[in-house]
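Handing you this structure, nothing more for now.
Letters A, B, C, D and E mark the chains as written, and numbering starts fresh at 1 in each.
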């Protein structure tokens, strides 16, 4: 299949849908069936993506990284330096295109039902189209600049969609926060790009003159800056993929309509960070990889712990998303490109499913709520949560009842389709072995991390593995907590329960399709077969340098050098054999472990929330002293922000507070300081000093003018004195001179 | 050239004298005193004198046994002075300040002062220099005090004469010292003798410095340079406006003519040891700075323009300290341009004083709605005085600074240009009043066609000379003639 | 150094000139000052005689004493009303005026003692009376033009003075 | 009687004139001061004519002659102006004629 | 051709002044609009027919003007100027449309506006230094009156401040210019004002113009002149006042064109003509070597921070201009292809975007009669089109990729990074702060609950949309395909004294 035309169609179809809306808007009108326009456009894109995928199917080996098809043209011809812009088509692109178009199409369809009746209904679809375009553009770009463009565009779409219901303060705040927080990361990415550009005079990734080709020739002396550049690029991913410490925007982003959460904040945009990191894989050094792995690992664990205490169904999913993205980052940082991207794919489907499912629930509950309270007639009321109420974990006030799991329960009877599909997704995310896609991808990650740990003997990777495993347990726990609280048991709020109903077909169909995609057939098949791991030439390089400089012993004390030493050994010995044996070893550990993880996680969850053998309240009560203490020491936390870091170990609920108080606090604090402090000071400085200086000069000038004026007394003899005195002075001065 | 043979070349001056007498006689004879006949007669006299001067030409001649010199330089100034005088006559016709009863004498005196200025431009003997200076001064004193019923006018005249008498007395003393050292009054001879004396070391430099500085008191008072400027704001404010205009242009031009001839023909050789050019550079910097700064707080437009004209004197003086022909050319060009823009500005002041009865800036408020043409013209003059392109003032400033920078007197150039920024501020105050403020009285003002035409006579050159000033340059080069080496 | 009579007379005149000038400057009564000025002018005329400038001396007496001084006295009479007008002296003005005058005096003294042209000037034999020569020079030689201009100047001064002083007459 | 002795007289006159002009608070006194200054100039010219220029060159004397004439003209105008001033200000103390200032 | 473009507005001014009676206001506006369309047509024609592969000047006209100083009437355009000429010509009619509602003395307003346009176009076309200066100054007078008469409450202060600052800068520039002229020859070898010739001479080793010490001083003179115009910290304080007080169309011109005159001058004179001076201030060594980049950095961060502190909508936009000009400066300081391309592109783009921003502020001001950001709220629901366009403009201004603002900024920074690593990294803070103030403003004005005061606020009308659409299209088109602009000046940039 021809690549360029198809990609062009994929890009242009959603863009055209948006342009249609935009141009029409200028005349002050809206086309009420914008939903159809956008959905059809998306479906066209989907068909094209499928067609493109046939290329991969046809030549599975050719379209790996080495054989990536690049179609670019010069975008910014500056003379000696040219920036090109073009399509990169390889198997990863093909898979990403497929994922994005599928999820996007389904979300479009779902939204037709979900957003029905919204006054800005056409606009919603137009924005979705614009987002799809941007995301696809990001995916097909063959160079960093193009990726950055798409990157920012998805960011702005996210901004527009989070703030879709901008009349409320919460979405208005959330969208700004999302944009700002990701932009901080983007600046890091931009600096990284500047570093790469300055070194390589290009931002293209592949090709003989591309960054990767040029970077492979770098020597040990360049490793430091290459690591820095890698980490800086990764900063962009940290922002976009909501990794710690820039993750706080994502939970708030749940203020957006739920389909948006599903598409942007679960399946695609947030995964773009992972995609970017994966794309930069060949230039990652040992150091930058380790940073990435740690950020991913910590995020995975921390976010999972936070998720345990949430009652808002969407926030649980949001933290879950952060956590899963952490897994992906961990994979890439641990050197497993395939596992990372694989998890990205599987996660896209099951997480989109989870969000849409939750949307379905919210929609149902909203309808119930609506029946109960006639004041609210917009879908968005269902999505509201007052972000200011940090007591959410403690207190039910502030969470919209339609999203509060404590109001739910027993919904499996009312919403069977939603229940079944969500259950499938939950099983998948929990990693129930073999049957569900989530198992395969998560398993792959754990295996890879453990394999690195074993074969390199790296302490870091053992730690990372432990974090990942623990996170997996917690994931299983909180996800089933969600299922149990929502669908199982008895209804907690009978009134709302009574009003709930199964969603209409156009919302249910996407759920079903996504549920199908949560089974491993499609994903595993495509990944194992088509995606090939690229070389990472610089993972080994520092090793040489070390040995050559004779500092091996010193370096060997550090974990990382152990890892490198091990890797070096692997490299020098029969690498393949070693690889296989270590890999098998890891695999043999992880698969049984997965069973254990799932059993512990689901079991605990069931014990708490299904069988109710343990009371969550009781546990909370046992921990309450810590809690009450912390809760009552509200100001204390603020006073000793730094101390909170130590308290993170105290428990997941502490982490919940930490999240709200500390990171947010820093962001807000910085915001306040910058806004109130610096800018005011700058403004003041500007007014008083810079202007003042000028005014001062003017004043002096005036004053001198005034004095001269006073000399002009009007008395003639004073004038005469000036004349004669002037003559004398002139003579005396010039007599002194000559 | 002997006395009798000189007379044909002296016709312009003679014409002026004759017409001065005729004007008085005509005025005495005419029944209706205070008519405009005397003015037009004076005008005719001026035109005839200028035509005569041009017809006689500018071939270099020394007349009356070395007393005066006829050359292109003198011709240039004669024309400038005549134009300024003619403008003053035309202004005077329109001025309501002047007592119609004495206008005959007034015009005669104007012609007499013109004669004095002609002589200032052409004198080559110390005695003639002093004599011409006194002729101009005495007549100016009278003209400044010409207003009846005006204490201001009398006070102006009193200050003027006191100041002038002391300055010229000082100058005469300086002249006597110079005469004593060189034994001659002829400035060419002085120049060569001073040169000899300096080359032989047969000189006491302080004596030369002293005499030059004393002479400078007289010259400086004429061109109103610091510290000899103090009379001018008071006199300008008190004198009839046409006379103020006349003093600020013609008197200044004549002063510069005298200055250039005396210092360049007579004292240039003294510059080597008595660095009078540096002294004048300092004076020039002080003059423009003091003029500008003092202008800042002024409320009276006449007085403001007086200070402005002091600062312009400083600008002009910059060209005189360079000892280069470029510098002198710059003075000549600047004078032409200054003639138009300054006279134009004063003419507007006259018109406003006539119609609004106010000389203060407040009187100019909202002028644009009352008399748009006048307001726009005034703005053009003021911006030209500031030296903004594409107005003529810029051309003048440009040539002047080009000459200064060529001699690498960067400090002087920077002071000068910063001064032009300060100058903007006070000129703009008037513009602001005219354009940005609203008048208390919104009745529109009407002016006679003659006045408007006369105004255009000043506006058009101010605009055109800013756009194309090559002829000015050629003219100034030709006018400089053999004055420089 | 012995004084011959000529020198004695010279010093007398010199003393008279300076002394009376000091009186002019210092005395409070303006009429006395005017008379002191007369003495000064006479003495200067005397000095002119010593300089063998007889015509100049004559002119000095006629014009200055006969003309200007009378004018001044008229002025005093016509303006002050009372003859003993007290003149107040402002201290600052007095001080600075004195300082400036003294500095100028010092400078000039330095000039006249150091200028080489004025040292050891050999004075030739006594000259003929200058009147004829002056007439020649003014009427025939280079001072013709200044003479004519001076006449115009006097005319202008005449007209002007008349105009200005006539002005208030008309006012009534 | 050397040239210097005349010049000393002359400069004393000059300085007295300057002093007078600067310090007397009466217009007519100022005029007298001016006359002193002019006299000193004339004395200079006459002296230079005698001592510096050649014996047959009496141009210095003639310049002094003109000086006298001009002094007369100036005095006339000066007094006329003083009369006018007196009429309008009723005083001839010059520092009271200070309406024009600033 | 160029002369026609320069002087047609002048002619139009005379027509408006003398051929149209005072009460024919509509006619005057229409005539002015048509007159401003003519330069636009010519500019478009130039843009199309411009030979993009040539580096020199095109459409030259060269004749003697003032022989005495060898001053020539020499106009021509190269890649640097053609885009700015187009921008000027484009903003002409847009501003006339934006001024349609002006009531007081519309005739004089239009006449002054046309005079201003002559000055601006002439400035960008001038190839003779003297002519260049004359046009530079020519813009001052009409600007003074346009701000001073038709401006806001503090118009007089703003106008005189603008005037004084600019004049102060230009006098120093005058000195430098005269010095360059005098150094360009001797009494025997003809001196010249011809900019291309001077550029050649300054490169000739041993020529007086090539003397580094001289160049450094001349550089300073010119630099201060242009810095006031740009404006570069600390000469920038006239800008907020002038922008805020000026009427909408004039703010547009100020931000869109007048600021570019400063940066254009920096490129044309400081950069091209004084390479040694440039080197001294941009070589990256020591304080002096970093000074230009430091100023750029200060402009970016300082301007952005100040913008953040503003609550006046227009002042915010004004300060944002200061920040954006910093990118130009830092790009210039880099002296390499990407930096310079970025800087030049940024000039054009900022012209377009800031023009949009000011027009947008004008729209809301016309309706609400105030500009207090906190005094609005929730306008998004009442004025969706307006909100949409504003969002576009804001996004373009904060450097959203895909819109034109990004390309210039990114290229400037990319170029600058290779030279001034730390400063560039610090400057990227401006990107974040830029986003912060624009988003915050967006939130305060358009998001949230509708301020009940503006229940009946009218949506943007057709005329206003017509002023914005061309600019919006340019913003998008140049964001997507910046080569349209870059092609124009690539060759011109390549012959500048670049340092890789």
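Annotations for the structure displayed:
Throughout what follows, a contact is a pair of C-beta atoms (placed from the backbone, for glycine too) under 8 Å apart; a residue touches a chain by one contact, two chains touch by 3 or more.
Quick caveat, the model's predicted, so the values are computed rather than measured.
Taken together, subunit A and subunit E share the touching chains B. Steps from subunit C to subunit D, minimised over paths through touching chains, total 1. Put simply, the chain closest to the centre of the protein, by Cα centroids, is E. When the C-beta contacts at B-D and at A-C are tallied, the pair with the greater total is B-D. The chain with its CA mean position farthest from that of subunit E is C.
Note: the chain lying farthest from subunit D is A, by mean C-alpha position. Centroid to centroid, with C-alpha atoms defining each point, subunit D and subunit E lie 65 Å apart. Taking each chain's centre as the mean of its C-alpha atoms, subunit A lies 97 Å from subunit D. Note: centroid distance subunit A to subunit B, computed from Cα atoms, is 79 Å. Separation between the centroids of subunit B and subunit C, computed from CA atoms only, is 31 Å.
Counting partner chains per residue, subunit D shows two or more touched chains at residues 14, 17-18, 21-23, 25, 27, 30-31, 47, 52, 59, 62, 66, 70, 73-74, 77, 81-82, 84, 87-88, 94-95, 97-102.
Residue positions 127, 131, 134, 138, 141-142, 145, 157-159, 162, 166, 170, 177, 180, 183, 206, 210, 233-234, 297-298 of subunit B are each in touch with at least two other chains. Residues of subunit C in contact with at least two other chains: 93, 96-97, 100-101, 104, 107-108, 117-118, 142-143, 146, 150, 153, 156-157, 160-161, 164, 167, 171. You'll find the chains touch as A-B, A-C, A-D, A-E, B-C, B-D, B-E, C-D. Subunit A contributes residues 22, 25-26, 28, 74-81, 123, 134, 145, 148-153, 156, 159-160, 163, 166-169, 172-173, 175-176, 179-180, 183-184, 186-187, 190-191, 193-195, 197-198, 671, 674-675, 678-680, 682-683, 686, 690-691, 693-694 to its touches with subunit E in the complex.
Considering their complex, residues 18, 21-23, 25, 30, 94-95, 97-102 of subunit D touch subunit A. Touching subunit D in their complex are the following residues of subunit C: 6-7, 10, 14, 17-18, 21-22, 24-25, 30, 33-34, 37, 40-41, 44, 47-48, 50-53, 55-56, 59-60, 63-64, 67-68, 71-72, 74-76, 78-80, 85, 87-90, 93-94, 96-98, 100-102, 104-105, 108-109, 112-113, 117-118, 121, 123-125, 127, 130, 133-134, 137-138, 142-143, 146, 150, 153-154, 156-158, 160-162, 164-165, 167-168, 171.
On the subunit D side of its complex with subunit C, the touching residues are 1-9, 11-20, 22-29, 31-33, 35-36, 39, 42-43, 46-47, 49-52, 55, 58-59, 61-62, 64-66, 68-77, 79-84, 86-88, 92-93, 95.
On subunit E, the positions that touch subunit B within their shared complex are 65-69, 130, 133-134, 137-138, 140-141, 144-145, 148-149, 155-156, 159-160, 163-164, 167-168, 171-172, 174-175, 178-179, 181-182.
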